[in-house]
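Just below sit the structures, each encoded as structure tokens.
One chain, subunit A, appears in both complexes that follow, with subunit B as partner in the first and subunit C in the second.
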Partner chain A sequence: MSTQSIPAQPLAARAPGRRRRFGLDLARPSRRHWLGYLLLAPAVLLIALIIVYPLFISLDLSFQNVGIARLDQPRRPFTLANYERLFTSAEFWMACWVTFKLLVIVTGACFVLGLATALLVNNRFRGRSIARLFVALPWAVPEVIAVVIFAWIFDSSFGLMNWLFITLGLTSQTINWFSDPDAAFAVVAITMIWKGYPFVSIMALAGLQSIPEDFYNAAKVDGANAWQRFTNITIPTLMPVLGVTIVLVMLWVFRDFSIIYVLTGGGPLKATQTLSIMTYEQAFGFFKMGYASAVGIVTLVLCVLASLLMVGRRAEAMY
Partner chain B sequence: MKLRSSRIVLYLGVAATCAVLLFPIYWLFVTAISPPADLRSLPPRFWPDVPQWQVFSRIAEERPMLLWLTNSTLAALGSVALSMTVSVFAGYALSRFRVRGGQSLGLFILTAKMLPATLLVIPLFGIFRSVGLIGSLWSVVLAHATLIVPFTTWMLKGYFDTIPRELEQAAMVDGCSPLGALFRVILPVATPGLAATALYGFVLSWSDYAYARTFLTNAQQSWTANLGITTMKGEYVTDWNEISAAAVFVALPILVIYLFLERYLVGGLTAGAEK
Partner chain C sequence: MAGIRIENVRKSYGAVTVLRDFNLDIADGEFVVFVGPSGCGKSTMLKILAGLEEASGGRVLIGERDVTDLAPGDRDIAMVFQNYALYPHLTVARNMGFGLKMRGMDRGEIDRRVKEAAKILAVDHLLDRRPKELSGGQRQRVALGRAIVREPQAFLMDEPLSNLDAKLRVHMRAEISALHKRLGVTTIYVTHDQIEAMTMADRIVIMRDGEIQQIADPDTMFARPENLFVAGFIGSPGMNFLLGNVTADERGARVSLFGQDVSLPVPLAAVPGIAGRPVILGLRPEHIGPAHGPVSFAVRPRLVESLGSEKYIYVDLPHENRGAPADAKGADDERRGDALIARLVDAGAVATGEPITLSFDPARLHVFDADTHRAIR
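Right, the complex of A and B next:
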């Protein structure tokens, strides 16, 4: 990230006549950093207005007993009740457990599937570029559309999956996927894996392409077999990219709303209610925005902690 | 001989992988053009005897599909325009200037990517309610900017980093002002990067559901396509061919963008990965 070097000197050699036209000559090296701030100002202002200020409000809300957030009303008294209620509620711990299960299963599967796909299409063969295009296609499918697809495939009466299961003799009766807690969880996980793995394969492919062919040739000369080349060259060189990718996939699972909400709404029996869904349900289903903000703040803290743990000091690489 | 068979295995493997992974998209399309009776027959038909192409024109007439698509487009264009305007300058500043606090701004943008939309949506709802934006597309434009700005700023910074700074130095030696150099030299050179970044923002906005669901539910005339589609999914009964046809409408623009501009989109996505 060696991007912040000092501006070049020839700038001073500009026509003096033009310089006087502006009150503040932004091209002069000593003034140049002013221009930097000026260029950053709109972004900082926008971010402050639509991200920082709202974030501050939700932190504030989480310490109040608020039903529906209104800015034109006086602040309610400070209270820790939301957090106390949160940590003693079984629903919260259930949501944590569901989030954790989903994180492990979806991230793990996306990782394995994405890496395997990337390795497969990284081979040389005719039509390789088309194959690469296709294997990453689900990345471009909007989440709500993915939900439509899988809700129909797992439909309880005429869904493809029930037909497949019965044809293969796995079950004798149709499974009602969305009323059984475990089955609903499986459907959510499968939908998320299908939507999420292409990101891993896109990133892994980019990483694979940056490994010089010479590494492999040298290893071949030294008599390394394919498996040894994979474990000693491919995996170590890919690791930095894969580490960042895994964190990004995890964050996506952590925060996802559309897939779970449209597919199951968090049910049945809250079996698919992650922290994200719980936040939304409390805020816009039960209109307990103070409590919901507390759930959301805890989610955010967990997100930050988890990614710090995973990436550690290499956080910069995530840019 | 051994080489031959290993190639066959490779082709089979690629074909099988593509088939399994792409099947859901194919199935969506087939469902849309199947007559409703086919969808209630087992075993399922993997291609209808009589494709019902008219389903697309039917839902365009009977449902406010075009209105939804227009709203989605407007929301995406608005939020992309807003985000790109601020991101171009910010990305350039972060790439070229030694700015105090630049590092911490970077860290902040990184955390902004971790923000759960379900957390941010609560205060935004409060703010938009007090200024009367609930139900208006503007609420979604602003909310989508929270998704887009963190991405576009860093993507653009990455693109600007790849452009040699000698370019604008030469322009300034020739009498360009620093802003003139940005507009006349750097931006034209960065056009592919700008386009890719804008498209990426478009995809982010187009795919959103959480914000539209929260701010627009009670204002049918401003429903975006994703929100509209979810209202077609009934709790007990769903017209699967109609909802699939609607889904094709919504997915198509993004899929087309992806198929033709994959290089640019993926290039932006993986710019950090190749470092």
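Right, the complex of A and C next:
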């Protein structure tokens, strides 16, 4: 029996070819998660800098009576005046109502239109790829360009819509789309729906393609007709996707600024002034940044509540 | 319950023909298995029976009723799918009752039938769960339950066990057979696994490239394969194929195998047709025995695989017997034309490279025409 004692050597000395990596070896199993943090760090820093920090600034501003906010000025005294003024102002409630109307109409229409087009282009037919392209097209058009197109379509003198209405005999004289509150609201809603439905369509199409064909085959063998298959299989299995999509569309309607601002600027008679337009107007039109911050904070709270309501219910995995 | 008749059913996708003239009469209460390698058309035939695919020609009758152009829901059949097709958003009870609900049956009756079926399949404690909370075997049972609550004329099963692990598959195989005996409903079962086919079927339909190769009960299928493909497909390990040149004399046909003169089990009438020509001889691994027998030959095994209860011995074929076409496509193992496998039970110690004597009975040889690949009997 030979018992040879091996002299205790440091690990590095036993593996002479090994390179030292800055003293931080990320390949070691115990340190593998460090890489994740390292890769995330730049994004987290950036978000903290341009989103989280301003968020806290505006939260702070909303409790001060500030005109033009300047970081080099000393902090003004704490006050609830902005919120008091906000909740007693008719303009704020009007903006809430406009936002709510847009939210319901645009989200609802996007949902119906998006799902319908997705179902349509999910079928097998000649020219399906072209049809899919056309369905997704509005999504690819930059928002401002879409708005300019619609501004021309609804132009009171040269617009396509007036020509169509007169040709079809729906009206005898030109409609001034942007000076009538109801008409202006309709134009804003239509533009937003046109711009927003492809997103629902793309998401729904992706969802539809992940439904196993055998679900439908089994239902057919069980005697379910097309409508029963739609309500019993398509809708329930799509719900997780649709739930998230609806939340995203809602948040988009909440925050969208360019469509309304370029089309109507919030007018006429504030008929299209949503909370985001109001925030902008108060901050950069009237330079009441404390008050504008209060509007922004209320909008944020509403957004968070709305998404919690929608996501919370459907978040659990189905499979 | 009813019998099923399939008359001249064809199916092609453009220029590609996947089914040619399929004819089959299935008796009431029979368990028929369609088996064949992938792409042989067995699943297509099942889908045509279910009404999920349209046939390019021919007729399908279920219980004397022509259902060729009826919607799947109007055929009064139930189907079990390979991936179970259980709806993830419904509980087990509602999954099982789905078909009845679609037919507008009242809730009390649905509940009664679901409970009864659940009890038969031993899933009655799972009725309130969702499919994602079930194991593979439980899902399989629920899928079967969904079929039996309907009390249909026939069950169609499309590879229902292929998503289960090997042990569970053996268990569920026995359960499905028992269920069939208990309910007595006509069943058509599709699989690519010849063991499932052999163990479960009353009759097996072997298919290849859209054509039926043979229809027979499992024992006949094993003992009297009609062609080379069937011979190679049924059995595990698959049949050994050897090439031999026939010499004929007044006693019958003879070939040289392992250097020995072996008389072939073919009737005298068939001898003139094959005299002087090559034939393919089939010999099942289990028909080769250790020690001396009617035809014995000494070999050195190239490889010995022990399964505990039995041993697979791989032996090099003599050059004169090599070259039989590897026609047994879809068989369990990729057969090579230069080796023979013997399956020995209680053979004692056999080592690779050590000499051993093997033997077989020439009466066990299957003789196939080298050109047509049909059995010569």
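Simple rule for what comes next: the second predicted complex is superposed on the first by the 280 of 319 C-alpha atoms of A that agree within 3 Å, B and C clash if a C-alpha of one lies under 4 Å from a C-alpha of the other, contacts with A are read in each partner's own complex, and residues count from 1 in each chain.
Heads up, the rule we're going with is that a residue touches a chain if its C-beta (ideal position, glycine included) is under 8 Å from a C-beta of that chain, and two chains touch if they have at least 3 such contacts.
These numbers were taken from a predicted model, which means no experiment stands behind them.
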| item | value |
| --- | --- |
| Superposed partners subunit B and subunit C on subunit A - clash or fit | fit |
| Which of subunit B and subunit C A:M239 touches, first, second, both or neither | second |
| Larger contact residue set on subunit A - subunit B or subunit C | B |
| Touching partner for A:A206 - first (subunit B), second (subunit C), both, neither | first |
| Touched partner set for A:I277, first subunit B, second subunit C, both or neither | first |
| First (subunit B), second (subunit C), both or neither touched by A:T299 | first |
| Which of subunit B and subunit C A:N123 touches, first, second, both or neither | first |
| First, second, both or neither for A:A43, with subunit B first and subunit C second | first |
| Touching partner for A:G223 - first (subunit B), second (subunit C), both, neither | second |
| Closest approach of subunit C to subunit B (Cα atoms, Å) | 12 |
| Touching both subunit B and subunit C, residues of subunit A | 317-319 |
| Parts of subunit A lying in touch with subunit C, wherever the complex brings them together | 212, 214-215, 217-225, 228, 232-233, 236-237, 239, 317-319 |
| Subunit A-touching residues of subunit C, taken from the complex the two chains share | 50-52, 71-74, 77-79, 81-83, 85, 87-90, 98-99, 102-103, 132, 146, 150 |
| Footprint of subunit B on subunit A - complex, ascending | 3-8, 10-11, 13-15, 18, 26-27, 32-33, 35-37, 39-40, 42-47, 50-51, 53-55, 57-58, 61, 68-72, 117, 120-121, 123, 125, 127, 131, 133-146, 148-153, 155, 157-158, 160, 163, 167, 194, 199, 202-203, 206-207, 209-210, 241, 244-245, 251, 254-255, 257-258, 261-262, 275-277, 279-280, 283-284, 289, 292-293, 296-297, 299-300, 303-304, 307, 315, 317-319 |
| Touching residues (chain side subunit B, partner subunit A) in the complex | 7, 10-11, 13-14, 17-18, 21-22, 24-25, 27-28, 31, 39-44, 82, 85-87, 89-90, 92-100, 102, 105-127, 129-130, 142-143, 145-146, 149, 153-154, 157-158, 161, 165, 169, 172-173, 175, 177-179, 203, 206-210, 213-214, 226, 229-230, 233, 238, 240, 243-244, 247, 250-251, 254-255, 257-259, 262, 266, 269-270, 272-275 |
